[in-house]
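Have a look at this one.
Note that the chains take the letters A, B, C and D in the order they are written out, and that residue 1 is the start of every chain.
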Amino acid sequence: MKAPALEVARLVAARDLRLAFRKPSQLLQPLMFFMIVATLFPLTLTPEMSRLRDAAPGVLWVGALLSSLLALEFLFRDDAQDGTLEQFALSGQSLTWMLFAKTCVHWLLTGLPLALSAPIAAVGLGVPAGAMWSVVASLALGGFALSLIGAISAGLTLGARRGGVLLSLLTLPLAVPILIYGADATHRAIVGMEIAPPMYLLGAITVLGVTLAPLAAAAAVRIGLE
Amino acid sequence: MSEFFSMSGYGIYLWPAFALGIGVVVLNLVMALSSLSTARKDARRRLEINP
Amino acid sequence: MLSVAGLHLWRGERHVLRGVSFSAVPGECVLLTGKNGAGKTTLLRAIAGLLDPEEGQVQWRGASARSTRDEFHSELAYLGHEPPLKGDLTGRENLRFSIGIRRAVSAADIDAALTRTGAREFADRAVRTLSAGQRRRVALAGVLLSGALLWLLDEPTTNLDADGQQLVATLIEEQLGRAGIVVAAVHHPLTLAGGKLTQLELGAR
Amino acid sequence: MATWTWFHRLASPPHVYGFARRWTPWIGGAAAVCMVVALYGGLVLAPEDYQQKDAFRMVYVHAPAAWLSLMIYTTMAVAAAVGLIWRMKVAHAAAAACAPVGAWFTVAALGTGMLWGKPMWGAYWVWDPRLTAELVLLFLYLGYMGLRAGIEDPNKADKASAMLAVVGVINVPIIKYSVEWWNSLHQTPTVMKMGKPSMDTAMLWPLLLMFVAFALYFAAVLLIRLRAELLRRERNASWVREVVT
């Protein structure tokens, strides 16, 4: 009688995708934020390409992190406010599984587009054309890990009044390893070195995130809904 | 005695470091005791409100 | 079937639930009454498992509701103050999702339930364009569709016009007829034709 | 049977309160004695380090503070996990008691690390992997206390911050490893390994004694703060009356 897990995941994904495309502006905002942040650096640091190239990994990754934090705040908050998140918790289905589906869709709507549009900003930072695909790959993988860890803090800050800043304060320390490996992968891509080592480590963190983060996010949401 | 305080020239770093360390030790003791006394005061007030 | 034993719960400083105990058998409706802040909503949320009581236990089919949570939830329909609907989706889309994650449901079932609660004509408009009463009717269709044995309703008649309130009464009667159980928080007592009706006054000092 | 009653008694606030009140003075006293003796041993008795001369004596305050900052975070996470799994209010109270002390000792570790770094490396702040990891640990503490302050309902605050502490403690080793890895990438030539200078016994026993002193000190402060947290969480229970009036 109970709906099978894959069906549940499909429904959750279909719902969130439909909701997102009914209000596309919310999708574009994180991307615009990322572009603006990336253009601030040539204005403030230096227009001189070679120095910008050194700063490029940091700019791309900190920009990506901050814009994904912006999007994360509304991962659960909207559903919590209109009572639908409660129905998730009361559906008799695994809340962990549903929140994992929700987090993946969130990445599809924010992390992935960001990674795919990063080359636009990267060109402005002197990143050679050959390195573009590696930059996109590192940002996409890192973005997924960020969404997973961010989902935990999004759940934890459900109970707090103003989640925004608190969400970043909780997520940033946990995101340090992702930033370190991600930025190094981007740096190696730029200087044409082999990007495998940091990407493997980033992959390891993502796998750890996939297994543990949804469990923690579900527990955090149940606490937040009290 | 002053030779002891100079700490072969590193005194200007060493003594502030120890001052900071002992300072944090003392500060946390004081904060803990004050948190206990406010908690006792609140508990006493709560007891009066609804015995 | 449903038994609540010695439930104690604090909300911040206030001792809201002071050892609440009651039980309900199939075909029984328990009406929770009491002034605002007496703990009606808190009790419903504690029964549903959204709130963990500090003392006492909720039992469903003889087992603790907490330990058999998923089975318990698959037999439970909880309708809180706010109808749980996404504003940007239509009533039909909302139901297809909220019931779909519980069990397979066909468009015809959804249509029938919407008709039953008089929500069919506005079922294809975005929920945010509906009035509070209309939203309540869509949510009631959801409760009907869930096929749950236990209904936990928090002031189900709010924002409903006269025949809306009558609709709620008949839906509850039908649920009791199906050997279901209903626990409803109400402001003014509901008159029910059939079924066993008990009342639980909360917050009496 | 004995172990179960011990665990059961650990869970009852009045019993823990009584234990804390009785033992705090003794543990505090022992900590003070150890600290004084260790200070004397470290500052006066221990010979100079051939390389760093007397500057190495800063190890006697920096190392215990850094060690304590991490030990407190782990203790907090264990208490949080016990609180979540067995739903024990005492455990949540202990976790709440740990946080501010841990944060302050992280600050102390950073401060003393910088003061030691100036003579050794020529600058107050150098992105040494240990100092960097300590800084991230401080942000973990601040995040924990920020979350606890952001949620009004004490019960929900306990559970949410406990969850964060558990997630945090899983990340601490990962953060440490990634910072070490990052440091090995950008091996800045100026960074001289601020490793513990090879210590003969005269240098070593004061350090070990200082570790013991700091641990005892933390136990005493924890018990004091625990009593405060228990009173805050206790719902006008009978035992509070005779303890407070």
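Throughout what follows, a contact is a pair of C-beta atoms (placed from the backbone, for glycine too) under 8 Å apart; a residue touches a chain by one contact, two chains touch by 3 or more.
This is a predicted model, so every value here is computed, not measured.
Central chain by Cα centroid: A, whose mean Cα position is closest to the mean of all protein Cα atoms.
With centres defined as mean CA coordinates, subunit B is found 41 Å away from subunit A.
The distance from the centre of subunit B to the centre of subunit C, each centre being the mean of the chain's C-alpha atoms, comes to 54 Å. Chain geometry summary: the mean Cα position of subunit C and that of subunit D are 48 Å apart. Subunit A and subunit C have CA centres that are 36 Å apart. Those residues of subunit D in touch with two or more other chains are numbered 152-153, 155. Among all residues of subunit C, those that touch two or more other chains are 52. Within subunit B, contacts with two or more other chains are made by residues 46. Every pair of chains that touch is listed here: A-C, A-D, B-D, C-D.
Touching subunit D in their complex are the following residues of subunit C: 10-12, 15, 52, 54. Looking at the complex, you find that subunit A touches subunit C at residues 1-3, 7-8, 11-12, 14-15, 18-19, 22-23, 79, 82-84, 86-94, 98, 225-226.
Subunit D meets subunit B in the complex at residues 28, 35, 39, 44, 48, 53-55, 57-58, 61-62, 64-65, 100-101, 104-105, 107-108, 111-112, 115-116, 118-119, 217, 220-221, 224-225, 227-229, 231-232, 234, 236, 240-241, 244-245. On the subunit D side of its complex with subunit A, the touching residues are 84, 136, 139-140, 142-143, 146-147, 150-153, 155-157, 159-160, 163-164, 166-168, 170-171, 174-175, 177-179, 181-182, 185. By the touch rule above, subunit B contacts subunit D in their complex via residues 4, 7-11, 13-14, 16-18, 20-25, 27-29, 31-33, 35-36, 38-40, 42-44, 46-47, 50-51.
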